[in-house]
Structure formats: C-alpha cells, structure tokens
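Both of the next two complexes hold chain A, though its partner changes from chain B to chain C.
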Partner chain A sequence: MTPKLFTLLLEAALSTLGISLISIAIGFVIAMLLSAAMLTGKSIYVLPARLFISFFRGVPLLVQLLLIYTLLPVIGINVPGIVAAIVGLSLCTAAYQAENLRGGFASVPPGLIEAADVAGFTGAQTFIRIRAPIALRLTFPALVNEAIMILKSSSLVSVVGIIEITKMAQDLASSTYQPIPIFASAALIYFIINSAIALLGRYAERSLKGASA
Partner chain B sequence: MMFDPQVIIEKLPEIGSGLFVTLWLWIAGVLGGVIAGFIVATARRFGGKIVNVVLGAIVEVLRGTPFLIQIFLLYYGGPFVGLMLDPIPCGLIGLTVYSAAYYSEVFRAGYASVPVGHVEAAACLGMTRFQTISRIQVPEMALIVLPPAINLAVILLKESAVLSIITVPELTATVSAIGSQQYAFLEAIFILAIVYWIIVELTDRLGRMAENRLSRLRFSKA
Partner chain C sequence: MSVPAIAIRKLVKRFGESTVLQDIELEIPEGKVSCLIGPSGSGKSTLLRCLAFLEEPTSGMITINGEALGFFEDANGRRERLPANQIRAVRTKTGMVFQQFNLWPHMTALGNVSEALKLVRKVPKAEAEERAMVQLRKVGLENRAGHYPSQLSGGQQQRVAIARALALEPKIMLFDEPTSALDPELTGEVLNVMRDLASEGMTMVVVTHEIGFAASVGQQISFLDHGRLLFSGPPAEIFAKPRHPRLEQFLDTYLDRGASMLA
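== the complex of A and B ==
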C-alpha cells in the first residue's frame, strides 16, 4: 500500500461524497413532496405516495439501481451512468426520509396548524412555514442516520461502473494484487467520513435544540 | 421493446432455486446474527470495561463501513491469510457478522430498557446472573427489541442481494443472469423487484402480528 494508491482512493472518496450529498439533497426534496402528498389526506395523492415509499423501501437498492439503469434507456432516456446512479440513490433515500419524516409530521401540535389557519395561512404556507420546519427538527437525528446509510449504500453504484471508493478499490486490488491493504484502506475512509457525519450531526442537533429554546 | 413475461415463466424452476438460496442465507444470517449479537451485547454489559471497549470498537467499524467492502475484504482478502472461502460460505459468514453487529446494538438498547430496580430485586432474591438474564431481562426486553429486530431482518434481506456481486447464486444473481441470457433484462429485474417487495411486505406483516401477540401475552399476565 503506497501513498500513491491511498491518494487515488482519497480522490475517489470525493466522488463518493459528491454522489451521496447530491442524492441526499434531492431525496430530501422528494421526501418533503411525498410528505405533503400524504398530509393532504386525499387518496388520489396519498395512495401513490404510499406505493412509492413501500416500493423503494421494499426492494434492495442494488435491484433498484439495476432497474433504473436498464429502464431509462428503454423508455428513451439516455443519460450517463452517474445520473442513473444518482437517480437511484435519490429515489431510495427519498422513501426512507419520507418514512422518517412521517413521525415528525405526526407530532406537530394540531394547535399550531389551527393557529396558522386562523392567521390566514394557506395550506402550502402552513406546510412550508410551520409543519416542515418542526417535523425536520424533530426527525433530524434520523436524517443524519440516513445520510450515513446512503454514504455506505453509495458503494453499490460501483456495480454500474461509477468510479467511487469501492470501484477504485476493486480496480486497484485486482491490478496490484493486494486486496487486504486496499479494501482495509477503503473501509477506513468510509469509517472516517461516517464518523465525521455523525459528529457533525450531533453538533448540529445541539445547535438546533438551542435555536428552539 | 415489448414486455414479455413468458421468458421468465419458463425459467421459474431456476428462479425458485435462487429464491431458496436467498431465503436460507437470510434466515441463517439473521438467526446467527441474533445469537451472536445477543452474546456480544451481554459480554459488553457484564464483561468489564476492556471487553466493552474492544467489542464496541469492532461493532462501530462494522456499522460504519459498507457491507460490500466487508464482503470484498473477506472474499478477496481471505485467501491471503489462508481463508479460502467459496462464495456461499463467505456470504453466510459476512452476512452473519454484519447482522451480529447491528443486532448487538438492538440488544444493548434492550438491556438498557430494563429498569435497574428489577435487576436489583432479582439479585436480592438470590437469583444468579444467568437466572436474572433469562427470567427477568430477556422477557422484559422482548417487546422493546422486537420491532427493531424485524426492521433489521428486512434490511438484511435487502443487503443479501449484494452477495450476488461475489457470485453467490442467490435470487439477484440468478434472475439477472437469466435476464442477460434471454435478452430480457428489464423483465427479469422487474420480476426480481416484485419478489423482494412481496417478501419484505410479508415479513413486515408477520412482525406486526408477532408484536400484537407478544403485547397481549404480556399484558394478560400483568
């Protein structure tokens, strides 16, 4: 294991980080849309949202990635592999984030929603200004966990040929014939990133608590 | 492109054998993980500080790194330290170790949920540690541990699809191979998704039934 190999892994880690962060952000937006759909209480919105969440939580991410990777070209959308990978990760994490947020939205005090209604807020305003911020604050630890899960799950996009830590480690392991130090280093990099996310999450949680007090 | 399920229907026996491998690997991995996880959690609680710190560090590493990397390390790295494993045993060991790390955390929370007073009362009554664990702590934590344990089992079923990458002949590997042989990749992956979806929904439902059963049992005795 030379420093040069380790540098290559570190460079690939940037790609892992980028893919994960973009997917979590897109997934968050979709999760909020799903939550808004569920909160309308109208079955025309609720049922598709529920089906979406159930499907993406019920199917292995690897299978989802393979499905999206094969489906997109078939329906005439030709995108680079990396886009397919981000789409797959985003949809998957959206389902999980929506499920996490559900608990948060359920614990928003009804009095606040009534008050917003009385104050003349529209449904959308109540959602954006009252319900979503409270639900987000309540479920923030779950969001941090989800970020860690996605970072680990992003190793699967190596299967569709995206160069990130795992794929780079695989290539290096087969070309240098030193699988143990290389995969161990890859594991170490993942572990450090995840520990950093957990630490940042705890820090952010504390300042969120401070803000609400 | 037409969606043609016929190719898949012809291959049902092969898909069945892949499903069988997935199911037994999953069940064995979960059972092994529950047992090993319980032992780890118990050792961490009663084994002293050093045991707690060492096992805690191992658990953190296993939880903080992707399953795929762990499997690669075992499958490709194993032979360098004299550990030649075929794909299936390698997958089984990997899945068990990975699930043991997560289950140990579930049981750790379970132990923490049992009121200290109950444990002290047991000690006052002269119960041995083994008696306290088996008669007081395990029954009391059962209801708390069940929902996350089921959740984890579902996650592990989905994780087991990753084993296809090291050529374990489980469901994902079998069905995607059929898909490429028959030039019906989309159909194959579609069926694959549906099969996993059904198993996950069934497991969820079974878990909820077990939960209801257990809570009724518990409250009827009280």
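== the complex of A and C ==
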C-alpha cells in the first residue's frame, strides 16, 4: 500500500462525500415538501406524496439508479452519470427523511399550531416558522443516521459509472493484487467520514437543544 | 349603544352526533370583561374557541366589531364561507391566551412576542422587537426577554403568552382558563396582569373557574350548562341572588370549597 494508492482513494472519497452531501441536502428539501404535502390533508397532495415515499422506500436503490440511468435517455434526457447518481440518491433519501420527519411533525403539539392560527399566520408561515423547526429538532438524530446510511449507500453509484471510494478500491485491488490493505484503507476512510458526521450531528443536536430544551 | 364587540347569533356547534352548543345568543359589549362560567363539559371553552375560529360553528353567526367571522349567514340561513385572507384579518382583531400557554418552544420570549409582528404585520425586525419589549414590560418580564419558555415558570410563560397576544394590538382578548394549568401560588401574577388589562378598558372574554376573579373583575357573567346559555347578566345579579337552580347548585360547590369572596 503506497502513499500514491492511498491518495487515489482519498480523491475518490471526495466524490463520495460530494455526491452524498449534495444528495442529502436536495433530499432534505424534497422531504420537507413531501411533509408539507401530507400535512395539507388533501388527497390530491397526500396520495402522490405517499406513492412517492412507498416507491422509493420499496425499490432497491441499485435498481432505482439503473432505472434512472437507462430511463432518462429513452425519454430524451441524456444525463451524465453524476447527475443520475445525485438524482437517484436524492429521491431515495427524500423518501426516508420524509418518513423520519413524519413522526416529528405528528408530535408537534396542536396548541402551538392554534397559537399561530389565532395570530393570523398563513399555512405556509406556520409550516416554515413553527412546524418544521420543531419537527426537525424532534427528528434530528434520525436524520443524522439517515445521512450516514446515504453516505454508505453511495458506494452503489459506481453502477452508473462514478468512481467513488468502493469502485476505486475494487479497481486498485485488481490491478495491484493487494486487496486487503486497499479495502482496509477504504473502510478506514468511510469510518472516519461517518464518525465526523456523527460528531457534527451530536454537536448540532446539542446546540439545537440549548435553544429549546 | 354602538356595535357590540362580539355578537353571537343562534350559534350551534355539533361534534358528530353530540350537540356541544345549542342556540347561543350573546352580545359582548365593548370595553367590558365578560366571564364564561359553568361546569366542565358545559361548552364554555368550545364557545370561546368558536370566537377565535379554532372551531367552526355548525350554524349561526359570529360578528367581531360588526364583521362576520368565518361564515356569513343571511336572513334565510344561507351560509357562505369567507375567503381565507378575510378570515385571518378578522381573526387578528382578537388575541387569544390558552390554558396550556402554547408558547413556541424554539423561540425566546422576545421571539414569541415579536414573531407575528414580523410575519403577519411585516414590521421590520428591530421595530418588531422594540414593540415586543413594550408588551413584555407591560407583563413585567422585560428582563426575561432572552429566555426560552423552558427556562420560565408557568406563571411567567402565561404572562409571555399574554404579551404575545397583545403584540398585534387586538381589540378583544380571549382567555381560555388562563390559570387552570398553574400552581395556586402562580395564579395571582397572571390574574393581576389581567386586572391591569381590564382597567385599561380592554374588551375581554374569559373562560374561568376562578369565580372570585369573575365576581370582582367580570362585568358580564354568562353561565353555561350542557351547551345552553342559561343566564347572562351583571355579576351582582348572578351572584347575589342566583335564581336559576342549576346556577345555584354550581355556585354552591364553589362556596363549599371555600372559593368564595362574593358576599
């Protein structure tokens, strides 16, 4: 295991990290939109949101990625692998994050919503200023957990031609015949990134708590 | 006399099969303190929640300063729901204080009080916070502005909630059992704030079990039982010679508990 090989793995780690973080962020926005749709209680919003969530939770991410990569060109949208990867991860994590947030939204005491109603807030204002911040605080640990899951699942995006940690490790292992040190290094990199996410999450959780305990 | 602050006409509220309010007719005069009393389940909180449009009346009509709240009902009983922005506009003429305070836990006292000014009235942040401080000073909590609700006692939380309701400068304040969730030694500070408000001439509708408060501050007392308004009148009339048997019985239970200061 030379420093040169380790550097190649680190470079691949950047694409793992970049794709994952972008997907988590996009997924979060979509999850909030899904939550808002479900909170309207109107079936024209609720049913599509539910369908979206059950589809992306119910189909393996690997199949989703292959579908997006092969389907989009058929309907005339040619996308590079990286876009297919980010779209696939974002939609998948959106479904899981929405499920996590659902419990949080359900736990917001109705009295807090009534207080916003009598003050003349619009539905959107109540969602943005009252419901979402409280739901987010209640579900934050689960969302950090989901971020870690997505970072690990991002190893699947190699099927759409992205070279990330796992794919790079496989390539290096087969060209150098040193699988054990290379896969061990890959594991170490994943472990360090996810430990950092967990640590940041705990720090953020504490400061959120300080603002509402 | 001018337009009443609140006029309630033939108000009916049903939840499924059960009728919670039956043909309520009541006018609440401007600048007066009106107390709704009655046993648990009598419908007094539901009536107050209808006034805040937290419950939608099944039929009948409520006007706030002459403006229809939520629904417009013409003489033939035809009913029309008003547009959402109009409902919001009429709603902000009233401020509401809840039994459970319902402060937003992720905002400081100052944030709770200034939020509606910023969001609903579009007041710039600095000015909104200045105006919020005025309200906090009024309830004696300007030195708690930076505290989160969890860092305040129940009595302090309820005073912040009163300041929050006052921030939009409502014409009418609605109180839903404002001291019922408080330890007895904390009710005094909240009732004092309410007395101050009353002496400033605020129109107040108060659902309360504090018969002493109702007797000393209330100018109109309405007694509800099983969804019907059995009696409404000045406190002297109600407390001195409660002629209605149900009212007499209700008041007796309070006298038995030593809650009297009525004599």
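Keep in mind that, in the parts below, the second predicted complex is superposed on the first by the 212 of 213 C-alpha atoms of A that agree within 3 Å, B and C clash if a C-alpha of one lies under 4 Å from a C-alpha of the other, contacts with A are read in each partner's own complex, and residues count from 1 in each chain.
Keep this in mind: contacts are C-beta pairs under 8 Å (C-beta built on N, C-alpha and C of every residue); 3 or more make two chains touch, one makes a residue touch a chain.
Keep in mind the model is a prediction, meaning the values are calculated, not measured.
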TODO: Applying the touch criterion given at the start, work out whether A:Arg137 contacts chain B, chain C, both or neither, answering first, second, both or neither.
DONE: second
Task: Comparison of chain B and chain C by chain A residues contacted - done: B
TODO: Give one of first, second, both or neither to describe whether A:Leu156 is in contact with chain B, with chain C, with both, or with none.
DONE: first
- [ ] Mind working out whether A:Ala173 is in touch with chain B, chain C, both or neither, as first, second, both or neither?
- [x] first
Open item on the list: Just checking: does A:Leu61 make contact with chain B only, chain C only, both, or neither of them? Give me first, second, both or neither.
Closed with: first
Open item on the list: A:Gly76 in the overlay: touching chain B, chain C, both, or neither? Say first, second, both or neither.
Closed with: neither
Open item on the list: Just to be sure I read the superposition right, which of the two partners does A:Gln125 touch: chain B = first, chain C = second, or both, or neither?
Closed with: second
- [ ] Give one of first, second, both or neither to describe whether A:Gly41 is in contact with chain B, with chain C, with both, or with none.
- [x] neither
Task: Which superposed partner A:Glu114 touches (first chain B, second chain C, both, neither) - done: second
Task: Touching both chain C and chain B, counted on chain A across the two superposed complexes - done: none
Open item on the list: Touching residues of chain C toward chain A in the complex: what are they?
Closed with: 52-54, 84, 88-89, 91-92, 94-96, 98, 100, 102-106, 115-116, 119-120, 148, 150, 161, 164-165, 168
Task: Touching residues on chain A, where the partner in the complex is chain C - done: 109, 111-112, 114-122, 125, 129-130, 133-134, 137, 211-213
TODO: Mind listing the chain A positions that touch chain B in their complex?
DONE: 54-55, 57-64, 66-67, 70-71, 74, 148, 152-153, 155-156, 158-159, 166, 169-170, 173, 179-180, 183-184, 186-187, 190-191, 194-195
Task: Interface residues, chain B side, partner chain A - complex - done: 1, 60-61, 64-70, 72-73, 76-77, 80-81, 157-162, 164-165, 172, 176, 185-186, 189-190, 192-193, 196-197, 200-201
